[in-house]
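For clarity, chains are labelled A, B, C and D in written order, and residue numbers in each chain start from 1.
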Amino acid sequence: MPIPRDDVVAWIKAVAEMISENSSYLTQLDSDIGDADHGANMDRGFKAVIKKLPEVEDKDIGTIFKSVGMTLISTVGGAGGPLYGTWFLQAGMKTAGKMELTPADWSEALEAALNGIVMRGKAEPGDKTMVDALTPAVAALKQAVQANQPLNTALELSAEAAKKGMEATIPLVARKGRASYLGERSAGHQDPGATSSYLMLRVAADTWK
Amino acid sequence: MKKLINKPEDVVREELEGIALAHANLVKVHYAPDFIVRADGPIKGKVGVISGGGSGHEPMHGGFVGMGMLDAACPGAVFTSPTPDQMLEATKAVNGGVGVLHIVKNYTGDIMNFDMAAELARAEGIEVESVVTDDDVAVKNSTWTAGRRGVGVTVLAEKLCGAAAEQKRSLKEVADVCRKAKNFGRSMGMALTSCTVPHAGKPTFDLPEDQMEIGIGIHGEPGRTRMPLKSADEITEMLMEPIISDIPYKAGDEVLMFVNGLGGTPLIELYIVYRKAYEIASKHGLKVVRNLVGPYMTSLEMAGTSITLLKMDADMLKLWDAPVKTPGLRWGI
Amino acid sequence: MKKLINKPEDVVREELEGIALAHANLVKVHYAPDFIVRADGPIKGKVGVISGGGSGHEPMHGGFVGMGMLDAACPGAVFTSPTPDQMLEATKAVNGGVGVLHIVKNYTGDIMNFDMAAELARAEGIEVESVVTDDDVAVKNSTWTAGRRGVGVTVLAEKLCGAAAEQKRSLKEVADVCRKAKNFGRSMGMALTSCTVPHAGKPTFDLPEDQMEIGIGIHGEPGRTRMPLKSADEITEMLMEPIISDIPYKAGDEVLMFVNGLGGTPLIELYIVYRKAYEIASKHGLKVVRNLVGPYMTSLEMAGTSITLLKMDADMLKLWDAPVKTPGLRWGI
Amino acid sequence: MPIPRDDVVAWIKAVAEMISENSSYLTQLDSDIGDADHGANMDRGFKAVIKKLPEVEDKDIGTIFKSVGMTLISTVGGAGGPLYGTWFLQAGMKTAGKMELTPADWSEALEAALNGIVMRGKAEPGDKTMVDALTPAVAALKQAVQANQPLNTALELSAEAAKKGMEATIPLVARKGRASYLGERSAGHQDPGATSSYLMLRVAADTWK
């Protein structure tokens, strides 16, 4: 059962709501090892996305994703803006013209998003960034889809993998992003970007179940 | 949170409106995308010099727009690098036909956003060079990490590059001045208190009454180490020694010494730090030939200081002394 | 107490040493008695312009010594008016043979100490005029009390009188400029936090997180009323309305607007205040023709702001625009 | 029994010690309704007085008092410097050439000191200043001396009158000095200058008893 365009739009709206609800939480995580703005930045970005959405929500999924990406790039700023912008731009290229997503489409889109982020940010797994949540999530999704698991199982598996990846950032010493300036002091804190990435996949699993 | 603000989400816009009203003779402010340009620009045949970064560091960068310094500055949200569309529009607005220099502080966000803007500007046929400042010795330099932060040298580089551009030097030559500043300058900072990001509403970190943070950046990110409060002289030594031993500077070098206030520390304390920093520099045989003392690169209302040394040569001295006419730095005109 | 200082009793001397090292091209510092003079003074045939007061207000007054502004400044202990011997020696040091103007802020201690110095200087044959600034509308004016405090107008008067003296106007004429500033200027201030006097070691007053002080001076003395924290716009209105209704200013008047930071408030907030103050002034028909925004008269690390309006005429505008070259204020040269 | 010169010197030293011990207390009083410097100012001044004392302590009492006055003027600053400087200068004029003080001499010296302070500062009783402690002290001393009371009784009476005057400043609304800027808010606090004035007379009664 593919994911119809309107469900993709519903997911974007649900992400915006989730970000808004978790804005203080994400900012608090960013206070501990960053500059206390991740929640506010993402919230500003997704509020702009929601404003822009009516202009594109009757288009194909690729167009919608690209519009989300452009909006994030021009409203979020910081590291989060280009990275999540790239996420949606890359996912948008993979889904150009599509009115629905098969599990394989979604898996490919997410992989492209991750690759884009790695190209932009040059982070490797273990650097204590969103890459630590996305890498296992992409792997789990791909495996589940190749094994022909039902969509909701695949989404659950990828969200749970992201969660584990996110939690695994806690003991890490950051090597990329602002947290890296803290050196050893960055250990013991969960990465805010990994957290927002996990939450987006969690919402996907909940929205498309 | 005790601040002279209205709504957190309006801080940057209202600040820009204040700047526009206060300095209409020097700068113009554009909104959506936000950027500040010289009132008399663009100047044909002159390289445009641009910088930008999160807000909350005033007067950096918007206060340095004007004759002899920046052609434009792009303010992001508080402590958040601006977006590519701001830098793109600013780049177009200051383009005098001979290229534009982007002075970028080394933060992942700034780098990525400025890179995107440079790509877009080049696609529109504007020659762009980017130089990244990364002078904070509190952070170990390494290609495996985000590297050192860009701090105080940025202000000095903006002045030097602005003067070089005013002399109608080529883009490459202006960028070379920036690279010299980047290579010859080092900084380190410390905080007595945290700052409060307006939309966060509470201090980014808690610092007990008897503790301080050493190796702090300018975004309220915690420093490298927390330790018991010390005297101004001891603190100054803790900042100066890592700076001097980094490049390292050699006895006989002429340096510019920049003692910066982080927003909540008044001038009276900065002069006490300057006095000791001068003494330490002299002890190492460094000749302090120019200086800057004051809150030029703040971190909201954080109490603390940063020290920057920049090794000067004859050309840099001339560029430093050249006239500058901006809201935040002015002499010779 | 979190400050970048060594021993409280050394704060002023070490600050002066820092100023001497940082601004050797502009000023010279004399110790015991302490005063700061222009490096190129005294100037024959030019009226000497002197001010002074407790330390802790930097850059006022020492930062305003130099071409086009003060000939000398006398720093007292923190928040303590200087002693007569300082003013006497400074008066002698800047005497160019045509008299010396003392610009005195209206505080009992300043008045008495400056009076003694003026008497002693006159006894030595130097013509001295004293003008007392008393612009703080938070305090009711009355001959039965100490009267209003001298605050922001002092900075503006120093600039105007310095320019007038530079034109070689007579002592009476320079003093007349000061009297005009005194008569045409009004101020009011507020605080978000207290400050800590170094030797006291703890905040002069406690101010809960949700309260502010309105009608504060510049010595950490509590204000006229304590009230719940309000928005920047509301606070600005609470400062502007009493100022505008005091002289009162009339629609059509041209004014200089000075938004001052008290030491712990960063520039980003001052611009937000400036924006609203400008709007209120305009609503009353006042034309803001010049401005000054920044921490020019601080109260140690106090967070807060003061606003000063000064009604300008053609002569005052020319004097304001004249070149000035001091550590704290510089343009035109 | 007159007060010999050396006892006058002993009193000055005892005042310096008392000021040093009460420096924080006086500064605290000045925090409440002033600028938190009265104790530090007076302490700086009397430390300078003690340093200077060896140069004059073998001279007559008038010379000693004038030296104390000049030292206070050039080291205290603020309102306290000129006022206490005037105190000692005026007392010095009254006691010029004297090697001892009769009770009447001391009474006249203190009256001259008070008059000098009133001339300088233009404060009236009830303005919440040191004048509120000194005025009743001078009156009590004068009356006791005229009634030929023994010296220690006279000194006790003047110190106690100063104490009452000092305490009476508490409810007052200040009309002079820095506390006047507080208007009604100055009520409920004891005036720092009245306190230091009382303490000086208290030390006189204790030293010369």
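Methods note: contacts are C-beta pairs under 8 Å (C-beta built on N, C-alpha and C of every residue); 3 or more make two chains touch, one makes a residue touch a chain.
This one's a predicted model, so the numbers in the text were calculated from it and none came from an experiment.
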item	value
Required minimum of steps from chain A to chain C, each step between chains that touch	2
Averaged-CA centre spacing for the pair chain D and chain A, given as whole angstrom	75
Separation of chain B from chain C, taking each centre as the mean of its C-alpha atoms, in whole Å	29
Chain C and chain D, separation of their C-alpha mean positions in angstrom	32
Chain centre separation (chain B, chain D; CA means) in Å	54
Set of chain C residues in contact with two or more other chains	none
Residues within chain A bordering two or more other chains	none
Pairwise touch network: line, ring, star, complete, or other	line
Chain pairs in mutual contact under the definition given at the outset	A-B, B-C, C-D
Contacting residues of chain A [partner chain B, same complex]	27-28, 31-37, 40-41, 44, 73-83, 120-121, 175-183, 185
Of chain C, residues touching chain B in the complex	2-6, 11, 14-19, 21-22, 55-56, 58-59, 63, 192-193, 209, 212, 229, 231-233, 235, 263-275, 278, 288, 291, 293, 295, 298, 300-301, 303-305, 330-333
Residue ranges of chain B in contact with chain A within the complex	9, 33, 54, 76-85, 107-109, 112-113, 116, 136, 138-140, 144-146, 149, 197, 199-200, 204-205, 217, 219-222, 224-225
